[in-house]
Amino acid sequence: MAEVAVLGAVGYAGAIAAQLLHRHPAFELTHVTARAESGQRLDDVHPRTRVPLELEVFDIARHAVDAAVVAYPHGAAAPVVEELRAAGTRVVDLSADFRLRDRAIYDDWYGEHKAPAIFGQGVYGLPELTREAVRGADLVANPGCYPTAALLALAPLARAGVVGDVIIDAKSGVSGAGRAPTHATHFISANENVSPYKITGHRHTPEIEQELGVPVTFTPHLVPVSHGELVSCYVRTAGDVDARALFREAYADEPWVEVVEGPPGMSEVRETNFCRISVHEDPLRLIVFATIDNLYKGTSSQAVQNLNLMFGLDESLGLPA
Amino acid sequence: MAEVAVLGAVGYAGAIAAQLLHRHPAFELTHVTARAESGQRLDDVHPRTRVPLELEVFDIARHAVDAAVVAYPHGAAAPVVEELRAAGTRVVDLSADFRLRDRAIYDDWYGEHKAPAIFGQGVYGLPELTREAVRGADLVANPGCYPTAALLALAPLARAGVVGDVIIDAKSGVSGAGRAPTHATHFISANENVSPYKITGHRHTPEIEQELGVPVTFTPHLVPVSHGELVSCYVRTAGDVDARALFREAYADEPWVEVVEGPPGMSEVRETNFCRISVHEDPLRLIVFATIDNLYKGTSSQAVQNLNLMFGLDESLGLPA
Amino acid sequence: MAEVAVLGAVGYAGAIAAQLLHRHPAFELTHVTARAESGQRLDDVHPRTRVPLELEVFDIARHAVDAAVVAYPHGAAAPVVEELRAAGTRVVDLSADFRLRDRAIYDDWYGEHKAPAIFGQGVYGLPELTREAVRGADLVANPGCYPTAALLALAPLARAGVVGDVIIDAKSGVSGAGRAPTHATHFISANENVSPYKITGHRHTPEIEQELGVPVTFTPHLVPVSHGELVSCYVRTAGDVDARALFREAYADEPWVEVVEGPPGMSEVRETNFCRISVHEDPLRLIVFATIDNLYKGTSSQAVQNLNLMFGLDESLGLPA
Amino acid sequence: MAEVAVLGAVGYAGAIAAQLLHRHPAFELTHVTARAESGQRLDDVHPRTRVPLELEVFDIARHAVDAAVVAYPHGAAAPVVEELRAAGTRVVDLSADFRLRDRAIYDDWYGEHKAPAIFGQGVYGLPELTREAVRGADLVANPGCYPTAALLALAPLARAGVVGDVIIDAKSGVSGAGRAPTHATHFISANENVSPYKITGHRHTPEIEQELGVPVTFTPHLVPVSHGELVSCYVRTAGDVDARALFREAYADEPWVEVVEGPPGMSEVRETNFCRISVHEDPLRLIVFATIDNLYKGTSSQAVQNLNLMFGLDESLGLPA
């Protein structure tokens, strides 16, 4: 059984990755790391994980096991990924450090890349769209949560020919802002509130544009739910497109994408690896909704889905339904 | 002191209208009506109103006081408004029955109008845009909550020349769905959920188009807050427009419209008559956010604002800040 | 593989029972029933279950399979359970119809029993306390959610000798009130609110008193969470009791009871079969907290735990962790 | 018009005190202070206050106006209050620094008192119980939020003779934990959760015991609402007490205490100065519920109520209803 470590296991994404891998039938979770909380057990910090492992400070000598999920902040991930790759460990990186292919765009949005020698070597790991590349890959860049939802919502149309640009009005639960306590994530700020943020400047914009191939207006909003994400996409296509048929066909064989008639709600995919999509024809344009759990299909369960592919396993093994 | 009645006072809108008028320095709330709850006191049904009046069954002989706020469902309002007008009572009608000017459009969206003799006689009461018409009017059609936010967000641009159509991605708290218990308004359905609804078919669409003069794609979403509404508007304008200056100028003298730099959050206007707006320039288009409390500026406090104007009072009298 | 049906599968409890049994490795869920929703698929009514079975009207000729979970209202369950037992189907009944042993008490709290011939034949199915009786039972009365938490919180002390009576201040998420839309379960009523209900008159009182053997003051409160339940118990015991040791010992071998140092939070057991307990010594008395998910350990996953025992399976098979 | 300053105006309590005083008909809010946020306007930090004053660093030379509301943390308040008193400024102190009368108990719970020369000089300002003492006082110790609710719930019984001790099971919204972002106040921690905290060790215990005169078991719980507080009190009294009559009589002339039949819900008093109480007779004991808004009657509007009394004004002037 392949041994796997989760690096940065006390953030929400790392904790859920650890929880899923701890219960996974084909991986053995052997290490969880965290600096400030080292010495504590993960299930003390995050009871729901029920992972009784002690958190350790990262040490390449001990943690270069068969595979690692790296749940570090952007920028901090790159050098650790480089170390792990040098040691032969296969990596799914949850940060943005290996998602972008254009170095200038990366540096512009995230600052200078910290492991330029391996920049661009990550395979973009959105299995429904890039499955073949993920199989056998050694370094997978796990997509951002918004790009996951947006690309699943728009890829079939992109292939059919999007005319002009796309508007993505996105709504995300508060866990998307991370575990660090801030004024924005304080219960009193987020509760009974909805507010747009990072207008015209969210870092997922270039990632979506790279994968989609057209410019986008991307506007995220914070909504008072714990997890969940919904993208409402407004798009025009060339000529006569039977959009619903297009989506049904595109995802007919995908176990984790559900194309439904009525608009999907966030709660329908909570704590699962599912993406739920509906397509609607307005007199003026197409509207596509896609909803995922930002911490599952948007991050951690998708990381496991990628790991399954990388190790030649059944892609759905251990994924939460 | 003018005597005023609230008809349909147990719905959320009616209850808040009653609460505001009960405390109003220049109106005396003399009657509150409701059929099923008649005999109960309003503050038993809605403790927060602290209106100790007994709910009565509507009776034109007793309730044709100086003014009435009619908080009936669409369709049910029209005949009652007709009775009240015939008796000389000035009316602010919260329903859609007197908002639209095109009878065919009304009938198409709401069914056959129930008081055709006075169809079209309502003055559209969005004071910041139609103040002069409201002054002295006898029948004011109080705008829908979404149109209130959308029109305040878009009117300055409409005057400057909107190119093409407009996309309005709207988010509303659950009180917008009314007080009747339904599966959609059940706590378990709405909590930890965000879901689009009435895609391409919400009745506020023709109202917005009528007042704005351009076609719109209007997509409402239900969000888990009690009250509050946010519209995110995507629009292109002709030529070089200094959008921020346009808004600052348009609303410079408006006490209830706040043009702010950063994007506004719903909670900033909760239980007030304020509308808070910000304007942002994306490389592809303008983005305008406007937030109101759907039950206050979106309905009941705007009704009081209209009443103030109709009676020649200080427009801001008794409005919650 | 034993065939199992869930009767009344569109209520929250029935839906979750169906979801768990549909994925259970040793049961085959063959039927789900519901009157009003018959013809629809369960995953249309409750997408999260992802149970693609069509809802049927109950028919003893078809639904007397190996086992049934009956998720009917109190009173309505008894006659159906009688039919199923007569047909040889083993039953876990989620209602209160077979929990009480004193017919007069039952009739007093619930009205006349509808299947008096088999009154009292249910085994009270709280595995941690009544495991041996459940093994091999044909009719198990699944405990109420509050009694589950309260009894797990108090049983070790009851054995050690409770002095006088017990105060149980209980808090429950809104799903405990059922799926029927009511004013109390409307989002606007429950959100941003905490309110006591059924003071001195909640039907779980006699059930707790029966199993505990002492009188209780039981005070439930509605809290704005979707699921979850917490009981705060105030109790005095005779003589010197090392309460923490008592609890650690009592539940040392129980996989689904976690005795922890700090007070537990509802979210730590959400959507699992766990009960999490802490014990604290106040100068005046002992305080015991227990938290469960009211729909899982409090209802549906406990029903599966009981089914596992009844069929001689590993007790934990298919239980959500 | 008396000039008043709010010291520590960016915490929740200070901000609401400033909001109320800014709109107060008989006080002029002239200064708001805060160290870290000095230079910003209060309505930038807290838009809902709509107080356009600039936040200043506290300076006794400028801020010793007629009256001050001090919204500093425990310990930090005492020396500032001493300065203000020396300068002749009348003070309502929101901290615990002048609530306790026994120096040893203060030091035990809060650490050594920082202004021992004036320790014990505060009048405990719960108007319904200590009104006469507050009138004309120069230094009022505003009660804690839990003591406010608990004392209003228990004072009538205490006078009638409580037998033994009292159990207070309290539930508070998250704002009670203050504005500083912490893991406990992170939306993800508090949302969909209820958890007890500070079992047997909450600092409001000695305050309640001092004013009530009997020992209490006080157990606070954090609930996922923004503001609101409910205490559920369990108590035995000597002899035959008509508890409801007792309460109705005790509060017959109190404008801000509502004695109601059914149990009160937090939302019924949200953002008001009301306390809402109900009394119930269980076979084993009395149960009294009291609910307040922890930031209004529990803190800031009560501070204004006290200021009104201190300045000989109508006690209810400017209080939110």
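Some notes on this structure:
Letters A, B, C and D mark the chains in the order given here, with residues in each chain numbered from 1 onward.
Here is the rule we go by: a residue touches a chain if its C-beta (ideal position, glycine included) is under 8 Å from a C-beta of that chain, and two chains touch if they have at least 3 such contacts.
Being a predicted model, the structure only gives us computed values, none of them experimental.
Using the mean of the Cα atoms as each chain's centre, the chain most removed from chain A is D. For the interfaces A-B and B-C, the C-beta contact count is higher for A-B.
Of all residue numbers seen at the chain A-chain C contact, over half occur in both copies; the interface is built from largely matching residues. Centre-to-centre separation between chain B and chain C, using Cα means, comes to 45 Å. Separating the centre of chain A from that of chain C, both taken as means of CA atoms, is a distance of 36 Å.
If you average the CA atoms of chain A and of chain B, the two centres end up 39 Å from each other. Residue positions of chain D touching 2 or more other chains, listed in rising order: 189, 192, 224-226, 267, 270.
For chain A in complex with chain D, the residues that touch the partner chain are 12, 174-175, 179, 181-183, 185-192, 224-226.
Interface residues of chain C facing chain D in the complex, by the touch rule stated above, are 165, 167, 169, 171, 189, 192-197, 199-200, 215, 217, 219, 221, 223-226, 228, 230, 232, 234, 263-267, 270, 280-285, 287, 289. Put simply, chain A touches chain C in their complex at residues 23, 47-48, 50, 192, 267-268, 270-272, 276, 321.
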